[in-house]
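The structures considered in this document are given below.
Here chain A shows up in two complexes: once beside chain B, once beside chain C.
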Partner chain A sequence: MSSILIATISMGGLAAFFAVMLSIVHERFKVEEDPRVEEILSCLPGVNCGACGFASCRSLAEAIVKGEAAVNSCVAGGSSVAEKISRIMGVESGSVKKKVAFVRCGATLSERSKKATYQGVNTCRAANILMGADTACLYGCLGFGDCEEACLFDAIKMVEGLPRIDLSRCTGCGRCVEVCPRGIIVLDSFENTNYRVKCSSLDRGKKARQVCTKSCIACRRCEKSCPYEACWVEDNLAHIDPRNCQLCGICSMVCPTGAIVKVG
Partner chain B sequence: MRTKTFKGGVHPPESKNLSKDKKIERISPPPELTVPLSQHTGAPCRPLVKKKDKVEEGQKIGDHDAFISCPVHSPVSGEIISIDKFPHPTLGEAEALLIKWDGGDRKNWDSEDVDLSSLSPEDIRKKVREAGIAGMGGAAFPTHVKISPPPEKKIDTVILNGCECEPYLTADHRIMLERHEDCLFGLKAIMRATGAKRGYIGIEDNKKDAISLIRYSTEAENSIEVVPLRTKYPQGGEKMLIKAILGREVPSGGLPLDVGVVVSNVGTAVAVAEAIKKAKPLIERVVTVTGSGVSNPSNLLVPIGTPIRYILDLCGIRENARAIIAGGPMMGISQYTLDAPVIKGTSGILVLTEEEIIQDKEKPCIRCARCVDHCPMGLLPTTLAKLVKAEKWEMLGEFNIMDCIECGCCSYVCPSKIPIVQLIKWGKIEYRKITSRG
Partner chain C sequence: MARIILILLGAVLVNNFVLRYFLGICPFLGVTGRVSSAIAMGFSVTFVMTLTAAIVWPINHFIIQGLHLPFLEYVSDILVIASLVQIIEMFVRKTSPALYRALGIYLPLITTNCSILFLALFIPLRKYSFLDSIVFGFGAGIGFTFVMLMMSAIREELDFAEVPKSLRGAPITLITAGLLALVFMGFTGLLGSA
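Showing the complex of A and B:
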């Protein structure tokens, strides 16, 4: 009987002692944290994509509270997150221009020709070191899907060797832009116009035709037929000036290879 | 024979018998040559001629002011047809001059007797630069830069590299047998230019005829010694060569200059000799055309800019040929087009057949550490490959990825067929990117 009593008293005593100690320590060494950090953190997407320039969502939240970063810094979250954060911080959010990824190559596996058989590391960045592996075009998509793997929002799917971007999921964080060794992915806000040249080839028409059926061949038909002088060809590649474009779509219609497309 | 060597390395089948007894034959130029403006490590040249210009054989057609660069010369007399992007054996595609040979007689480069002691080191460097000589072992580093050490670095030794450790290739072997006098003259010229007192010629012991011939011809020389080396790949890597011959170790991230050594290929030494004796620029080089996919393996003296297609038409290509490699099987680069030309660093054209190409699938690493045992640089290839696969670029520096010489021993010995050296090459590029970003 007495042994049970001793055990109960000693354990109970220890418990009470530690409880008191812990409560003292808790009060004495309390870390003051702005409650807004937690609030902002709960608004942020929480994937730590790094597009804002900070290492993690928490470090962005801390920076916003300290006033070191703007309330609309979160690229991935867009205007809805900016609005929530501005409400927490009590300031005007300003507008966030939403940008999404756009792939400047439109040739699927069957549309681009192969120049060799490649056996090696199956990533675009490794293949690009070896003269672009089996893809004959020196500018276009290599199709191993480094961008798909880099995307944290599940917005990129490789379809027939070409990344297809889910515009509703893409947040414009830019991770795919960074990994693409050929630099064919760009961030685009699609302001004023959504006609785009879906090709990056700087090859002359004849060679571009040889390696790909979807390539811009610099025939200048878009340049000649555009009534608003929005299209021009430079370095064997067509360009569209969004400021002049009036969305008539003639360039897309006259393009013999279908390299000019309407996005969205 | 007592032979020296280094730790690590591999010994692949040598396969040199195909072409090692074939004398060097000078071929007539093809009707059209593509001469790339970038054949060396360093700044690519700017063209000095225009479209439709007439050029002479040996005329300088491209140059650049940068220190690490070297000029290119026209290999034939003829006309410039165009200056455009053309296939390139190492870069894929690069700016080049398309020259049409006029079919005229080839220039007779007369040899003069030159007394080396009458030339100052500066004269030799100038002649080497004007001749556009770049290292002919493969990396094509401009030779005049190599032999202009900064004043605080004292060079005491020059090593001529006659190892030719890549399997199949026999170009350097033939050069040593047929041009040994020019080899020695070139070595003495480089010694004079760098102020080195001793010269060594390192030759692998599978070339006994070359060892005894050069030994015989250097008997009277006190400052030059022939060193037989064990036949092992990559014995011809300059760091391995220095370790084997002198026992010195080039520090991590350093150059042979840091231990007072200049290493040069035997082919380069011959080019240096020709530049000094004949004022002949580097417009031709010896290329081994070999492999079981070639019907008539040979060693050819080929004008720079000759398309691989023309050379393979001369030597004959078998039906079951599958892969064409510029260089040797270990470090050479697979070609996707036969229009790529021979450049200053192309030591061989290797044609492999279907049966010789291993197409095994990559399997998981079993941690056998064979790559670690064979790495001549003492790195941990398996760890590096794993870090690259996980894209941990910033950690690559801790494992000294930049010391990798890309010899490929790790991929060669890997029982799981992991493309280790390919992964490391990719890792080096990404590591360079993050370190340059700061």
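Showing the complex of A and C:
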């Protein structure tokens, strides 16, 4: 009987001692955390793509709760996520302007000329350091698919050495924009115009024509034929102003190399 | 003095908890992906181990043996370990949220880390004095940290190695752990029975 009593008292005392210790430490090291952070985090895609400008989905959730970021900051999640978050935060969501990636190069493997045989590391990054490796064009796609590897949403497939972007899957997070060593991928919202210049070459017409059959040769036909003054050529490359473009498609028809295409 | 150094060396190298007794394998395989979090985990375990040794010894000496209650040994050990882990968890969460996130589930899992319970049960078996226990607990923690550091450094290098496809991930990690354990078997008998 007495040993049961001793055991109960000693263990009870020990437990009480640790309970007091724990409560003291708990008071001393209290962390105030808003439960909404976890709630918002569970709505976000959770891939930490960084398109919102924050390092991770968690840091965006924290920023939204603090009011430092808008509820529709998540580009990848789109309007549905923004709506869920706005319900948690109790504010209007607004709409998320959808942006998708666009590759400013239209030359497939067979359409661009080779200047050498390349046997090095099979990444665009390595090839770009070696002056583009086997690709003769100094501006266009190198075709090793760094963007395909970087895409978290399976939206990029390399087809004939050129990234093909699945517009239904692309969330506009911009990871491909970051990894492309030649900077030919841009984020673009296809709201006002669907005509785009699918070339990045700043070479003069003759040089551009030598290395690629698809490149813009700065012939200015689009500039001259556009009835709305939406096309112009600058630095040997055609540009289209989405604010003026009326989607007539004349530029695409007159372009001798097919560098102006309709997207979407 | 020589005895203390022997206990320390014995705990760190010869009788290393992870690679000799195969205790604490869970964080050894789970948190060794990156050197920084492995070291943080190692020091957390070292902290818990040293404090456990320091608290378990008087409890064992005065309550368990003093009041003749040997059947309460496990219960009291678990009480001590669980409380200490709770304290360190609150401390890490307050001082370094990034570290708290990096350690993740493995931090509360120190509670169920067998190496710490083993330490608490081993101390009365060896009849260590109070100072010896603390040194032993500290040494065991340092040994754990040391192995965690080695493993994580190797695994970081392995990320760049061309591992055959069927061995990638867990298999190559287990093979590495086995090879490390083989190396540590070389210390067997170095300090006699210490």
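Things to note:
Basically, the second predicted complex is superposed on the first by the 231 of 264 C-alpha atoms of A that agree within 3 Å, B and C clash if a C-alpha of one lies under 4 Å from a C-alpha of the other, contacts with A are read in each partner's own complex, and residues count from 1 in each chain.
Please note the rule applied: a residue touches a chain if its C-beta (ideal position, glycine included) is under 8 Å from a C-beta of that chain, and two chains touch if they have at least 3 such contacts.
Owing to the predicted nature of the structure, the values given are computational and were not obtained by experimental measurement.
In the superposition on chain A, A:206 makes contact with neither chain B nor chain C. Residue contacts after overlaying the shared chain place A:116 against chain B, while chain C stays out of touching range. In the superposed model, A:18 lies in contact with chain C only, and not with chain B. Looking at the shared chain after the overlay, A:10 reaches chain C, while chain B stays out of its contact range. In the superposition on chain A, A:129 contacts chain B only, with no contact to chain C. On chain A, the surface touched by chain B in one complex and the surface touched by chain C in the other have no residue in common.
Within the complex formed with chain A, the chain C residues making contact are 59, 63, 67-69, 71-72, 75-76, 79-80, 83, 86-87, 90-91, 93-95, 97, 101. Residue ranges of chain A in contact with chain C, taken from their complex: 3, 6-7, 10-11, 14-15, 18, 21-22, 25-26, 29-31, 58.
Partner chain B is touched in their complex by these residues of chain A: 115-116, 119-121, 123, 125-126, 129-132, 138.
Of all the residues in chain B, the ones that touch chain A in their complex are 91-93, 333-334, 336-337, 359, 419, 422-423, 425-426, 429-430.
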